[in-house]
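Okay, got some structures for you below.
Consider the two complexes below, in which subunit A is the common component and subunit B and subunit C are the respective partners.
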Partner chain A sequence: MSGTTRAIGASTPRLDAADKATGRAEYADDVARPGMLYAAIHTSPHAHARIRGYRLEAARAIPGVKAIVTGADLAGPHCGGIIKDESMVARGKVRYVGEPVAAVAATDPETAGRAAAAIEVDYEPLEPVLSIDAALAPGAPLLHEDYPSYVKTVQGGGHGNVVFESTVEEGDVERGFAECDTIVEATWETQAQHHVYLETNGCVADVDASGRITLYATCQSVHHIQQRVAEELGEPMSRIRVRATRVGGGFGGKHASNIHSIAAWLARAARRPVKLVLSRMQDFEIQRSRHPARVWMRTGARRDGTILARDVRVTIDGGAYADESPPVLAFALLMSRGPYRIPNVRARGAAVYTNKLRAGSFRGFGNPQASFAGESQIDELARALGLDPVELRLKNAMRPGDTAFGGQQVPSCVLRECIERVRAAQRAAPPLAPRPGRRRGVGYAALSHISGLMGTAASVQLRTDGSIALATGCVDIGQGSDTVLVQICADALSVPIDRVSYAPQDSDSSPYNWKTAGSRSTYMTGRAVALATHELRAKMLAHAGDMMECAVEDLELRPGGLVGLKGLPKAVSFKEVALRSLFHSGGPIAATHGFVFDGPGFDPKRAAIHQLAFANLGVYTYGAHCVEVDVDEATGAVEVRRAWCAHDPGRAINPAACEGQIQGGFVQGIGYALTEAMHWNAEGWLTTTTLADYKVPGVLDCPVEILPILLEDPDPTHPVGAKGVGEISLVGAAPAIANAVADATGARVRRLPMFPERVLAAIDARA
Partner chain B sequence: MSALARLHRPATVEEAVRLLAGGDGERTRLLAGGATLVAMLNAGLVDPAELVSLAAVDELRGIGTLPDGGLRIGAMTRHRETAADVRLAGTLAVLREAAARIANPVVRNMGTIGGSISFADPAADYPPALVAADAAVEIAGPQGRRRVPAREFFVDWYATALGPNEMVTAILLAPRAPGLGSYDKLYRVAGDYAIVSVALSVAWRDGACARAGLAVGGCGPRPLHLDEADELLRAGRLGAQAARRAGELLAAAADPLDDVRASAAYRRRVIPRMVERALAAARDELSRTA
Partner chain C sequence: MNPKLHSVLTINGERRDVLAPASATLLDALRSVLGLTGTKRGCNHGVCGACTVLLDGKLARACLTLAADVGERAVVTIEGIGGNGGLSPVQRALVEHGAIQCGFCTPGVVIALSELFARDPRPDRGAIRGALSGNLCRCSGYAKIVEAAERLAGEAR
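Up next, the complex of A and B:
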């Protein structure tokens, strides 16, 4: 391999970067079709109300209106995730302010907007349920009277306003606590955070003469959207085609949306293409948020710092519809033990319905809520024990061969190294000058996450000139998977990456992929790409063996697309192999590999699991964060000065991309920790519907030094050792910052975001 | 949003005023930098039929020195220009610091001082700075020109002393005196409006305080200012005790709201703390430069 650099391990610039930087990349709003109509949505002004009827005459009478849909038009079953409790426009009831109630397609956006406003809906307002406590109160108004009759793919024992209940338990918690010398206990509260992708949700639905629909969408999976739209429109999936546009950020907020089915429905009704792109305000109002949560936690240890028991109760506020609440709850419980060896753990949780925007998946998926509590509590435990919080973490940290909560064995675990590396890096860094009126603090968090779940596939084909055509169903949502998957494929064939083409996602032709989610693309789809490419390589070598009349074992790949005879200059090119296969013998050379996550499942001998929304997940990754903060004594304002983030990407296929994920995740974590909060008023109106109200940290609010440290420990179950790093980097920010604030001031803030006001109150409340 | 009937580009203040007076009341609007107005148009919050652009009115542009050594800041002067003008030193530095803290470079390149104070967002940065510096506002209207002290210009939430068909033409500043000016801004994220801001302008001569101006932004319908607090500071030579008392007086007089940025109670709490800090920094600076 002399003279060439391997594709894996190179910080190759993103394949899509130049198109994005120069404005050539095509996003959903750039899609235009001849004769295209524009859709507008009529949304609910009530948090909770019964729909008595619609008056559509005025809207219909507006010239240019081509189609209208309301809940009265929907006849099929409800849709959704594990619990099928919703529909693209409300039926019978509205359950949050902003919920789509009707939609219009018209010849231009202004007409559509006027027509949507002209739709009259007769409501019977009901008492709204706006918090976890209100949802669980005896006699609380019910959001879903029909809950028992909904289709459920996993049973979760829902009742009243409870969507789902789950439990994970290992050991004997009561006995564990009985042996503890020190026990700490507290409750944490977290808020709704919005994804604030730069590009809002949007799509264009086109329809052909036969009525077949093609949807262009900014999304995280063409297959998932295809399935959802087909279900909602009562069409077979063969009649719905979904094509992904470039995606301007997703973060979990583009898995599903009402808009795809609405646009498709209107297009089918009008027999014309329909564009539906949400304004920023509508995206805030009707899309999704991170689950607000309440986490009660109790942890006990022996005097020497050995943690023996933890008891956890997680309640998440799912908003109006179940969506991803059951799996988010499940993952929060699985992460609530933290990356520690704790023999006795009980984690119980519930997701509840409230009359607010539905919460859904969001980078971290329940882990940020659980880890904010867990990692804060580790510091509080250390304080109660009189131990150094880093030493306490190291003492209890998981090691290779330990089991995760749920009982799966973990082969690769560099947690201790991560913790030690961030501590050493912070200590070695030149100290920042103290600033008058500010108190400096240092805080840590130790983390774990997963990167393996669900199913995926990849296909590779050899083209006439020896180029490779790679296709997967993995949509690049800005995290760089196009580049990384191409690197994996090119590396397996020792060709430069420009010899590999990568197909945009199209449900007609892309191999199946569940979603770009769960930090799984590099592990799951990357593994499929590697194995498909290995199969392709084997087929190519067989041809080459025939051509050079030698055994396959005597062949080797040579850089630049050659198969050579070991020890001899003799070689055939990929092109020659391709031409032979296409025109002489064997037929086109192609390979496909697909699999569903096959890691060790939960161990029923170790863990008692009740009603968990995940059957299997794994490929654990580990990390540690260290932050330095300044707390303004006068105002309580917190400023993050520097951060060190050590993570284990298994093998860094593209180190710059890994570092970008780590920095980006940490910045989104700063927003979660300090500034971002969706707020609903007493009537259930979302009051933070613009970026003037909802504050995402900007470049001046983040430290220049967010220093990623990559600790590569190749995962044995992945052909090139890769794991995921997309979400875990967000998870550590809030607890590390909270711990740094406590270090600086002695004040413990247990509610996010840590607004200056709350920090000041915590300083006042110091014992 | 209905179609805009007309965009006017008058070349003089008098012409602009005539266009205002000849228009249809609320439906005729002055357009300065457009940073606020265009955003409001886009959000459908205003629906003007006619816009009177001030872009071509030479008189409104830039910062000039007056015969008495004072400064005249034209209404169309961009925040960026104000933030960069070295003549805004000593007692007048408060204005320069406030300008530099407005929003972000894009808004500072577009927004104007006339637009900002006419809009009179109580969380904006210029209003407390102008009150602390005891500036005057020059106004033109159908009856000609008049002057109003900044302390009387801001009258209520988004309301000013501008009468019907009047416009701001300039900010007038007395010659700068030795001393200092400072502007401290507490915000949620950089570039946001203030949760609380503290503007201070101090004239200092021969070890004595000749004049102190202190104003607080973001804490009520208009910049919070008390003659009594200024006098306490002057007489107490900016001492810690005077600072504490001035902060307490301002906090007691404040009339903040609970809003998306913070609660009223929090604002009342931090006013004295930020005031004390501003004065501690001022004492520090004076002792270093004295």
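Up next, the complex of A and C:
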């Protein structure tokens, strides 16, 4: 590699790509330890039941069984991220079919499975609550009678089955509607979507002679798992070490820890390593989904298209445990205004408990539900006003200096450019030939999202040969953060990327990172890497100044690992600087930088906010999608033919990785829009537990022409201007496709996924 | 109990002894008995394609193939692609074109494309998409995988 090539802006192949292409990359199920046992989980056959007792004799009698754990063994507090309402195995009650009730470790997987099946649990079945309406019905059975006693970091729920309620309001909605010439109103419904990371959840828990546990886990944060397992096992965090394996996809589904404590508990009890890897069926049954939601929305405008008011009510189905329901609801409300200047907006919402799988974090985090309703309604409003939907968006689009819903100042905003660019690209593309029996439609969606949240840190060290050791707690879950963070570090030191090593995540040594979530890795951890590297550079220059007997201001970095004297050939190498440091400052030159998201928060003078799960969010990102679809007149099947996705990555550190995120997010959005749905039957059994029943888009379901457009508008708060595009790329697919279906057929589908029969029904309803 | 069977499999050109329960799949044998963990278990029910291997040059789902049924057929796994630790043209195309994200589907994708290029060095887009239609990828949206294969096909022209 040429020493003069800038690392930032290069579509460098990922650092881990060759290992992944050759099968060398080590994922959780590839980890093996000497003497390793295998765990199996006994799960609940009831959606809602009281546990009266356990009979373990038959399971214990099976040769090879080394440890069993049930809820009766747990004495510590309940766990959970926001509301501490759950345990690694059920205690007292089961609240969904598939909930872990007990677990076994045995010498081989088959024995563990037989032993788990031999565990007998005495249940008293209770009436299950399986929908939002059932949860809110007067006299509905309560899922969590102990809700008032749970430890919580938010308030705002607790009556009946309500987990959390929140309101955000700006302006005067009633007065706004009074001034409108046209008002549209409708209700949208969305389904539970599963992440379907190709690698199911799993871990190996090892234990040393002192009982200290080391977990090898596929995860989105080693620090989070360490905290949860320590809490659940009643151990100090110093006794729990977590190391990240390669992660076969996460998308939010590996955001919170559920099963790690089970493996750790069994390993501690058996004093042997334990592997726990979920089958695909168990992963569907016991992990988490995107929240099913009902969104009622009313929007009004003047005759000229100026939108004056919007009223929104969002109800999300959180399933059996709170998990991330409070912040998902709050974020859905904040996104429900859309990226528009609307002076009078009221968004109210509730999250409820039901006897189904917990819903939690999933790429988009409440925004896909809100934007499906909001961006569909913009098209319906345009139709009611007799205006072009793209022009209506452009007329009301946020501009630089505007405020987001909640009152946060937005210094930069390329939304209008995004909308215009996808429209221009679609118009300039050679038209696809019409096909008999298919109707063609074009649809748009305009989007915003955030990039930020919480704390992170990085450390960087000059090795004695002049190469660089970079470490962060940021786990690469497939999006390419390892490579991007190394590019940021290498660029700041003008060295090729192969001079920078990147440490795998280990809770014993990695700088803190909250999670790989919130589209935050490039923005948050990238900032920490840049600033730690700048500090390292300053320390290196101080040494070099002493060595060359000159002022630091007269020095410059030269490509390839040199510090030179400006205007002169004289230079010292990084290696010479590093070796000197051993004798002058007692060790390698090192620097760390850590921070918590420090951007502007909500503005109470602008917005009346009742209960949000956070004080500030992050920097805003913008985007626009345009899709062309064909709708089969006979079957109602929708095929996406081409898509244009304009996004604002601030600055694309690795453009190919950025494009890959956008294309992959959009296709996960196609699945959400058209094919993916988890289904529970009347007894609360999940019936979609295989990849044959739950339809993830395959290559033939997707266009190859998903054309990313990167509009780089450097973010002023990031040393190299970068922002995240990981989530926003999913958000536009469903509304843009729904708008294209309406354009093609005149029929409006307000329920996801847009299965062919629902499209046909909407076409019939129109007639 | 599950009695164990002994079989001798030809894997990546080597004869390997396998002692595994009669119910063991080829995927179980590769991953658990032989330590060849490059072949991935994504669903274990034949849908995702992450466990794809070659049996006498033809695509097979290792999770749906009983180890004891393989017999004399030659097995090629991801560890047998490339050789001498280097990358095959298919692997190199995927790496260089940014077609690999989480990487869990990648071994299966490499095998599927290797089988395609072995019988058709210059496949068109339709042939490439057809060859990949048995492999799920949750990260990439497929676009860069298809384009990487098209680039490789272009080099052969």
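A few points about this structure:
Note that in this section the second predicted complex is superposed on the first by the 758 of 767 C-alpha atoms of A that agree within 3 Å, B and C clash if a C-alpha of one lies under 4 Å from a C-alpha of the other, contacts with A are read in each partner's own complex, and residues count from 1 in each chain.
What we mean here is this: a residue touches a chain if its C-beta (ideal position, glycine included) is under 8 Å from a C-beta of that chain, and two chains touch if they have at least 3 such contacts.
Keep in mind that this is a model prediction, so the values were computed, not measured.
Judged by the touch definition given at the top, the superposed model places A:G249 against subunit C, while subunit B stays out of reach. In the superposition on chain A, contact of A:G338 is made with neither subunit B nor subunit C.
Look at A:T22: by the touch rule set out above, it reaches subunit C but stays clear of subunit B. Taking subunit B and subunit C in turn and counting the residues of subunit A each one touches, the greater count comes from C.
Of the two partner chains, neither subunit B nor subunit C is touched by A:G623. In the superposition on chain A, A:G698 contacts both subunit B and subunit C. Shared-chain residue A:H679: touches subunit B; no touch with subunit C. Contacts of A:L760 after superposition on the shared chain: subunit B is touched, whereas subunit C is not.
Of the two partner chains, subunit C is the only one touched by A:L198; subunit B is not. By the touch criterion defined above, A:Q479 lies against subunit C but remains apart from subunit B after alignment on the C-alpha atoms of chain A. On subunit A, the patch touched by subunit B and the patch touched by subunit C overlap at residues 110, 692, 696, 698, 700.
Across the interface of their complex, subunit A is touched by residues 2, 21, 31, 35-45, 47-48, 50, 77-79, 81-82, 87, 91, 94-107, 110, 125, 129-130, 132-133, 135-147 of subunit C.
Of all residues in subunit A, those touching subunit B in their complex are 110, 437, 634-635, 637, 675, 679, 687-688, 692-693, 695-698, 700-701, 755-757, 760.
Considering their complex, residues 11, 13-14, 16-27, 29-30, 32, 110, 195-200, 246-251, 279-280, 477-480, 656-657, 659-660, 663-668, 690-692, 696, 698-700, 702, 704-706 of subunit A touch subunit C. On the side of subunit B, the complex with subunit A involves touching residues 1, 104, 186, 188-192, 195, 260, 262-263, 266, 269-270, 273-274, 276-277.
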